[in-house]
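The chains carry the letters A, B, C and D, assigned in the order they are written, with residues numbered from 1 in each.
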Amino acid sequence: MHKYSQGCKAGVAGVSGYSGRELLRILARHPGVEAMEIPRESEAGAAVKEHTLDIVFLATPHEVSLEAAPAALAAGARVIDLSGAFRLKHAAHYDRWYKMRHTRPDLLAEAVYGMPELDRTGIAAARLVANPGCYPTSVILALAPLLASQLVDGDAGIVCDSKSGVSGAGHKPAAGTHFSAVQENFRAYGILEHRHVPEMVQALGVPFGDFQFTAHLLPVDRGILSTIYVKLARSASLEEIHAIYTARYPDGGFVRIRRQAPDLHGVQRTNYCDIHVTLSSDSRRAVIVSAIDNLVKGAAGQAVQNMNLMLGFPEDEGLQ
Amino acid sequence: MHKYSQGCKAGVAGVSGYSGRELLRILARHPGVEAMEIPRESEAGAAVKEHTLDIVFLATPHEVSLEAAPAALAAGARVIDLSGAFRLKHAAHYDRWYKMRHTRPDLLAEAVYGMPELDRTGIAAARLVANPGCYPTSVILALAPLLASQLVDGDAGIVCDSKSGVSGAGHKPAAGTHFSAVQENFRAYGILEHRHVPEMVQALGVPFGDFQFTAHLLPVDRGILSTIYVKLARSASLEEIHAIYTARYPDGGFVRIRRQAPDLHGVQRTNYCDIHVTLSSDSRRAVIVSAIDNLVKGAAGQAVQNMNLMLGFPEDEGLQ
Amino acid sequence: MHKYSQGCKAGVAGVSGYSGRELLRILARHPGVEAMEIPRESEAGAAVKEHTLDIVFLATPHEVSLEAAPAALAAGARVIDLSGAFRLKHAAHYDRWYKMRHTRPDLLAEAVYGMPELDRTGIAAARLVANPGCYPTSVILALAPLLASQLVDGDAGIVCDSKSGVSGAGHKPAAGTHFSAVQENFRAYGILEHRHVPEMVQALGVPFGDFQFTAHLLPVDRGILSTIYVKLARSASLEEIHAIYTARYPDGGFVRIRRQAPDLHGVQRTNYCDIHVTLSSDSRRAVIVSAIDNLVKGAAGQAVQNMNLMLGFPEDEGLQ
Amino acid sequence: MHKYSQGCKAGVAGVSGYSGRELLRILARHPGVEAMEIPRESEAGAAVKEHTLDIVFLATPHEVSLEAAPAALAAGARVIDLSGAFRLKHAAHYDRWYKMRHTRPDLLAEAVYGMPELDRTGIAAARLVANPGCYPTSVILALAPLLASQLVDGDAGIVCDSKSGVSGAGHKPAAGTHFSAVQENFRAYGILEHRHVPEMVQALGVPFGDFQFTAHLLPVDRGILSTIYVKLARSASLEEIHAIYTARYPDGGFVRIRRQAPDLHGVQRTNYCDIHVTLSSDSRRAVIVSAIDNLVKGAAGQAVQNMNLMLGFPEDEGLQ
């Protein structure tokens, strides 16, 4: 049944970045996969042929992925892209949010959004997986069950206030990531205009105008904590809400429903997403807090989780 | 005209805490006030008589202030209380939020809420000033002008997502403020149930049920940044909104309306409150970000600003 | 040969502290040992009998270990004590350095100092192992090979300037470990008078008067970096010195001789000790830099390494 | 007597760096000096003529200062150079330590090393002041009195173990100053080969071979703490040593002799240098700990202190 479950070969492009390095670290512990670096992203297709790779991870900028993904696919590999290049369904959105003309609407149509807890079947069968962004992972996992339950009053708007560690900004030195600019500081950025917004509203199926997202830069290395505010369509009990969440995220998986507010320490260097819900005293409003490690569940860990689904490994192989 | 403007004598109770120490630091630079410590809070009244103090700052726990304030008032001094003991108008609220039976509803009625930018006249004439909490300062200054303008659609709810440095938790060692618990961490606390909520809804005049506030603990020493989300009753331009804010907060004061999102570095060790407004592309929602130093504008600095109004000094004396 | 190599039972006392928790984490990954908590340290002997424990880890204060170790030994278990209670050979030293009257000179004589790289045979046969202190681990591993080679001019004195993360001070909240006291700060403490000094001079066999040690508190959670200065008895080449170190610490072990100066990131959450040597241009003075994780190689990891030697497991079992 | 004491005009070149910005901040509070920016360092001479500047601060790289200082001097201004361009007396040393051919040995001979506590007279009369490096300031102030007293056994060697905040590395983004590289980390660099070594041995008059200096990078923004180890030529009492220091640094100045070990919090954002001495129990070895703010006493503050001496202001004008 697990036809690929041993001797699989994976290539990783973009190994100079944080996500690429994290991928190599995780894959080194994975018993069923032999991982190799693809040092020159432009030669992803050639690498697939030369080394008969089963799967290619692209931890590359979106402009690079736009070229490398088709090349790797054409050479016969399956592809997990960690950039935003294949996350949005409408090519036109790339003009606005990525300042890039998207040349492969066919692949946008084909790509499967790689949120394992929400679409295991689609991912398992996919040739091209668009690995979710870090902020979207923390927000979508927190909101999806409640939205699916029809409990949310969408007209009242949804507020997502997210805070990320500095590694989310990449390893390239910049004024904004200089230690002296970050230490003992905190700031909001991308207010209402962050590139991850269209990805979130697409995945959640909510109107853009009712969704407010703000990103913030924390003086920590790793982790995202999102605080999400919704109005309920009717009053509900905490037990009912917990039942909704645990139905979607059964015990033993990477999404854990917590009775206490999570923190970053609880998820750093793990593939877990911790979620906690607070109800207002009148049971009409809810605050959902979610926490992930942006480089693991928010990037490399989730990519390996997707790979496990695609290649028939246990979903948590290499991730415990 | 400035009848008290020299030779004033001020006493400070609670000097072992962060706010008390900050008060002494600020007052040491104030040219018109001679400051002295009141080492035993229980003897505030005696200290007023012995040293003929004009004014007493209480940087004490609320239970202590509840006793010390009447004593100092009875001895003839005016009082600025930095605790929550006199901030709420309804004695019954103290049962729920402060787990304390309030014995002086007369003083609750008399006390003036000390937010200088919103009530200079009341403060100048007050005998007892309730100095605002740190979170409320960052939230109320950010919201008051917009609420007064009738531009906010109150029914849609107001979300206040606030993040504070560790000094806000006081200097007493505790598991939650141990370096190893805070470093490289971030967490939410007091979700929907923070003690500062009744203070904010009272000052802003909004219904409790429509107001959602979450506090978070930042791995920084000083500063609060609040990100506030409102729905507008009608579409408005950024220029119109700026005009509303600058009418309330003219140039040259401690509240600065910023064209760029503020950060903590810009306000630390100052009495400034920096405010920035972002409008959604459809002009129907606004995100307001405010930043203060929790120990200065959020506590000791604002207290001295209040003292300046009460004693007839220039409002910024000792605070530049 | 590995007679205990499966089904061993270990007890851990002192699990509320950092070292105890780290021990439980490591032992949970160890394939040959079943670990259990001993919640009440005073019942270590009873726990040994009731659960037929093979080995007991004491992550307890030295006063507690002084009682618990004999009890566990008498009940038939072997003991690894992470406190300082059995590290010094002379009972009289406990009066000065630990302000404690030592009542078991017989156990001081019997205890084996648990630095695996320097005494595998002694540890393997020991009934009672005194697990080294965190600072001593970083200093002794760095100096021992050079001292043994007779290359050090002892008369010139040895300077050890060590810097530790805050977890080394324990998890008990205190003024000195409050986040606001540590963040953006750095200080020296225990100058020339640190409790770890007699342990280091004893293990290294150098005169107390020629050994200068200063501890410092870093604003980090985990890690110790020691910078050590010696004068050489004769000029030597870097190659000769490297040969001395690699003879003592062959490739593949937990002590790694580095060509570049180590940092804390390279050793955190590992059992490694990274060591780097710099020679002065006249080849007469050397600076040795060593880095460890104070809770792993400096405490719990080293304790498990000792256990592996004592019970016949591979030395790195559970530690990779 | 204070012939320049009002209406002085100062120019600052290099205002994009940390030291330049700090200079502008300090000079803005100085009542006797009007400060202006010199935006293009190459036009320092022209700026002096056009604005009739009395004094020019060069907060520029050493290669730039080597050109700008002569130009400003030729145009009639006095110069305080914060780079290393004029600190060393021997032009040949610039080849080795600064990888730069020094073209103005005449100015090296003329330049006065600007350590106010050690040479007020020389500085007051100087046309060109070489403002000391940050590490040298912390080390020289700590050692100079003891060396002058003949109490130090120089043959035994002097060890200076210094730790600096990240702002000392400049504001230019680099891999080594990225938040994620510094946070929760610590490392040594420039071991025995730091560029500041020749400056220190020159100022202290000690042989290069007997002086061991190591720099370290702290995860803090501001501050240097140096731990210095010396052997005494004879045994001495702490009182005798304190008398030596307080004779050189009387009460009320910027160098404070402390009875307790200093920390960075005590000196940040001030021009103070705090010094503490510990004697070994046999009174034959001493450990000296000094703390400064690297951008104030270690750069801009000391530069203004030098300016005050040169222009006849009170030495602490603008620095309290």
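The definition used in the following text is that a contact is a pair of C-beta atoms (placed from the backbone, for glycine too) under 8 Å apart; a residue touches a chain by one contact, two chains touch by 3 or more.
Everything numeric in this text was worked out from a predicted model, so none of it was measured.
Taking the definition of touch as given, a chain qualifies here only if it contacts subunit C and subunit D alike; those chains are A, B. The greatest centre-to-centre gap from subunit B, using C-alpha centroids, is found for C. Centre-to-centre separation of subunit B and subunit D, using mean CA positions: 41 Å.
In terms of their C-alpha centroids, the spacing between subunit B and subunit C amounts to 49 Å. Residues of subunit D found to touch two or more other chains are 181, 183-184, 219-221.
For subunit C in complex with subunit B, the residues that touch the partner chain are 18, 166-167, 171, 173-175, 177-184, 219-221.
Only residues 156-157, 159, 161, 163, 181, 184-189, 191-192, 209, 212, 214, 216, 218-223, 225, 227, 229, 231, 261-265, 268, 278, 280-282, 284-285, 287, 289 of subunit C touch subunit D when the two sit together in their complex.
By the touch criterion given at the top, residues 183-184 of subunit D touch subunit B in their complex.
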